[in-house]
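Take a look at the structure below.
Letters A, B and C name the chains as they come in the text, with residue numbers starting at 1 for each one.
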Amino acid sequence: MSTAFSLQWLLTETPESRSQAAWGRRYRAWLALRSNPLAMIGLVIIVTFVVLSLAAPWLATHNPGAQDLANRLARPSAAHWFGTDELGRDLYSRILYGGRVTLGMVIAVVVLVAPLGLAIGCIAGYFGGVVDRVLMRVTDVFLAFPRLILALAFVAALKPGVESAVLAIALTAWPPYARLARAETMTVRNSDFIAACRLTGAPSGRIILRHVAPLCVPSLVVRITLDMSSIIITAASLGFLGMGAQPPSPEWGAMIATTKRFIFEQWWVPTIPGIAIFLASLAFNFLGDGLRDVLDPKQR
Amino acid sequence: MIDVDQLRVRFGDNEVVKGVSFQVPAGDSFGIVGESGSGKSTVLRALSGLNNAWTGHIAINGEAVGPRRDRAFFRKVQMVFQDPYGSLHPRQTIDRILSEPLLVHGIGEIERRIERALAEVALPAAVRFRYPHQLSGGQRQRVAIARALIAEPEVLLLDEPTSALDVSVQAEILNLLADLREQRKLTYILVSHNLAVVAHLCPRVGVMIGGQMVEQLSADDLRGGHTRHPHTAELRSLSVGLEEVP
Amino acid sequence: MLVDIQNLRIAFETRTSVFEAVRGVSLNIGTEKLGIVGESGSGKSLTARALMRLLPTNARVTADRLTFDGVDILKADERAMLRIRGKRAGFILQDPKYSLNPVMTIGRQVTEAWRTHKGGGRKEAKEAAIDLLAQVRIREPRRVYDLYPHEVSGGMGQRIMIAMMLAPDPQLLIADEPTSALDATVQAEILRLMEDLVSQRGMGLLLISHDLPLVSHFCDRVAVMYAGRVVEELAAGDLSKAQHPYTRGLLNCLPSLIHPKPRLPVLNRDEAWLKS
């Protein structure tokens, strides 16, 4: 009874208060997302990966760093579910612990990059003129360098490690988002509804933050989810070059990089972390696509 | 109330408003008619503060205003746009759209004011938490009017407020605007290409062509055909010609 | 009879519901000027688009009869439709800005339109195109020939659209709000041009508009649509004798320059209008 009542409260066409309307909107967004099977698959995979990574200490069968050179490159078996790597470490445990590092890095990069790109793009697009030219030239400079080389230079200037890798990837990843946000901003900045906002006397900062930026978010979300895999690969490349996650800490990209010479004889060793990366990227893509539809109320 | 003297606006090398002057007393409404490219909307945008590349003199309530306006100006002067599909933020609920001016100006009693604003423009309370795309064109234009009036301005600038609407909805909106002006003692400046709409709402009319206001006359003179400039006569005869239903 | 529509129904299916936008429209068009008037959502544009089979894919069209010059539109294959569309019937849309290709000169677009239907050499087509531009009363057709669409005014753009539609000598011209993006002075010129061309060439004209007085001035007959039905059909000259309360309401709620009204009468929509 109580659930029926609360569903009615959530889904009413005539909400009584702002908070009821807001909860109703969120619930409807959730319903919309739930009705999209691909998005739900994505969400389930991501949640599973995050939970598995967080619960790694309890789920792991071995110490991810424990070497057993006598038993290196073993096939999957009851003792080692995914087999062992070139130093005889248990792959299953390393995948679990590696999720912490890899997913942590990806999420950290996104949290840093999205607001930065959004802010720079919206400011450049909204003000135009000199502000636009200066910000976009800076963006061009960052875009002009190959991403990995620039990231390498950053890490080299800092000290090798996960934190500097995250910072380096973030610093090299924002320009496309700034460009995208700028393009979106340019299409709305001369619209009547932004003119109407200006006529309320609202300061520019408020207009950008509350009225322009939310319109750029959906396309940014999609773009970022498409970039997830390349962020993982960049992180792996940095790790491979000794600039990212430091051995022996497990990291999916680095796990592929260090074992890729075994691909023909002991194919499962590099393939298993590859599957993990593939599933994570695909899941983020599915979820991102679903989120874009949900974020646009006109779609409903 | 509103005093415009020798207003000039240029876009690059192109002067689109070439020295326009007019006065509007408090509580009156002034109509500007003209064809596209005559500069009528540009005059309105310069007045509203949306366009600040103008020269000349603009005074509201005897106070000269410059190209940059302070927040107090926007409490006094508000604008309603032509296209109700484009003038409401597509991702915001009506509640959010209406509360924005109140938040910006730090006006309290948001709940009560939004309820009253919706009632004033004859919208049901149920639209409050809807999105603009869930409303009809006429309902959206009512929301736009409610937003313009919620911070209790003295002057309302109307840029073709009914030309995107069906004629039956146009009648409702024009009646609403007439009632609101009566109740709130508002001053209107209405820009339109439709002479009948302008003459219906405004006792005085200015005619613009090529960036100049070539004639100012009373609505009664316009109706009676007492025009001085040939362009006014041309616009009038076209409008009258279409009105005569066979 | 050029066009014969009997009991046309257009429905849109969504995941959850079926919405019937046109609910049993019957119209005949001969070599005459017929105006369809109605407010947004009355189904007037859909009716015209159904005739050219230009509806979105989720539209379901049914009719007792839907023919263009004897061809059954509901059964015709795509090749037969191509012969009708653009060849035997021209379609003019509201805003020429969106109908002309922005990166092609006007001359090339008119020439292409001519050659698609008439064939012939480049030179011949160019002369024909210039002649068409002159027919729609463009003063310097040779100069306009080399311009791009953004270099001409809205009225000129609409003239060019009409010229392109005239290229294959169509039997019917369908104009969907052809002048509502134009100024009053230009609007009058374009409508007069269309009127002259239609009577000179002996074509039929289907003018779709929301503007009842305007349509009554340029058409022989007017059909008034409301909520997917034709509620009244009458000779344009008899508009002042209109019977249906909706038609009368539409006329009354217009502000007038000559007969000032202190307050505009508002249209009270009667549920009964949806049925009859």
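Please note the rule applied: a contact is a pair of C-beta atoms (placed from the backbone, for glycine too) under 8 Å apart; a residue touches a chain by one contact, two chains touch by 3 or more.
Remember, predicted model here, so these are calculated numbers, not experimental data.
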Remark   = Shared touching partners of subunit B and subunit C are none
Key: Farthest chain (mean CA position) relative to subunit A   = C
Ask   = Between subunit B and subunit C, what is the gap in Å from one C-alpha centre to the other?
value = 32
Message = For subunit A versus subunit C, what separation do you get between their C-alpha means, in angstrom?
response = 51
Message = Quick check: how many Å separate the C-alpha centres of subunit A and subunit B?
response = 47
Inquiry  = Taking the touch rule as given, give the residues of subunit B at its contact with subunit A in the complex, in rising order.
reply    = 48-50, 69-71, 73-75, 78-79, 81-83, 86-93, 95, 100-101, 104-105, 125-126, 128-129, 131, 133, 144, 147, 151
Task = Enumerate the contact residues on subunit A facing subunit B in the complex.
result = 13-15, 18, 21, 24-25, 191-193, 195-202, 206, 210-211, 214-215, 296-298
Ask   = Okay, in this complex, where on subunit C does subunit B touch?
value = 39-40, 154, 183-185, 188, 210-214, 216-217, 236-240, 249-251, 253-258, 260-261, 263-267
Query = How about subunit B: which of its residues touch subunit C in the complex?
reply = 35-36, 137, 166-168, 170-172, 174-175, 178, 193-197, 199-200, 219, 222-223, 234-236, 238-246
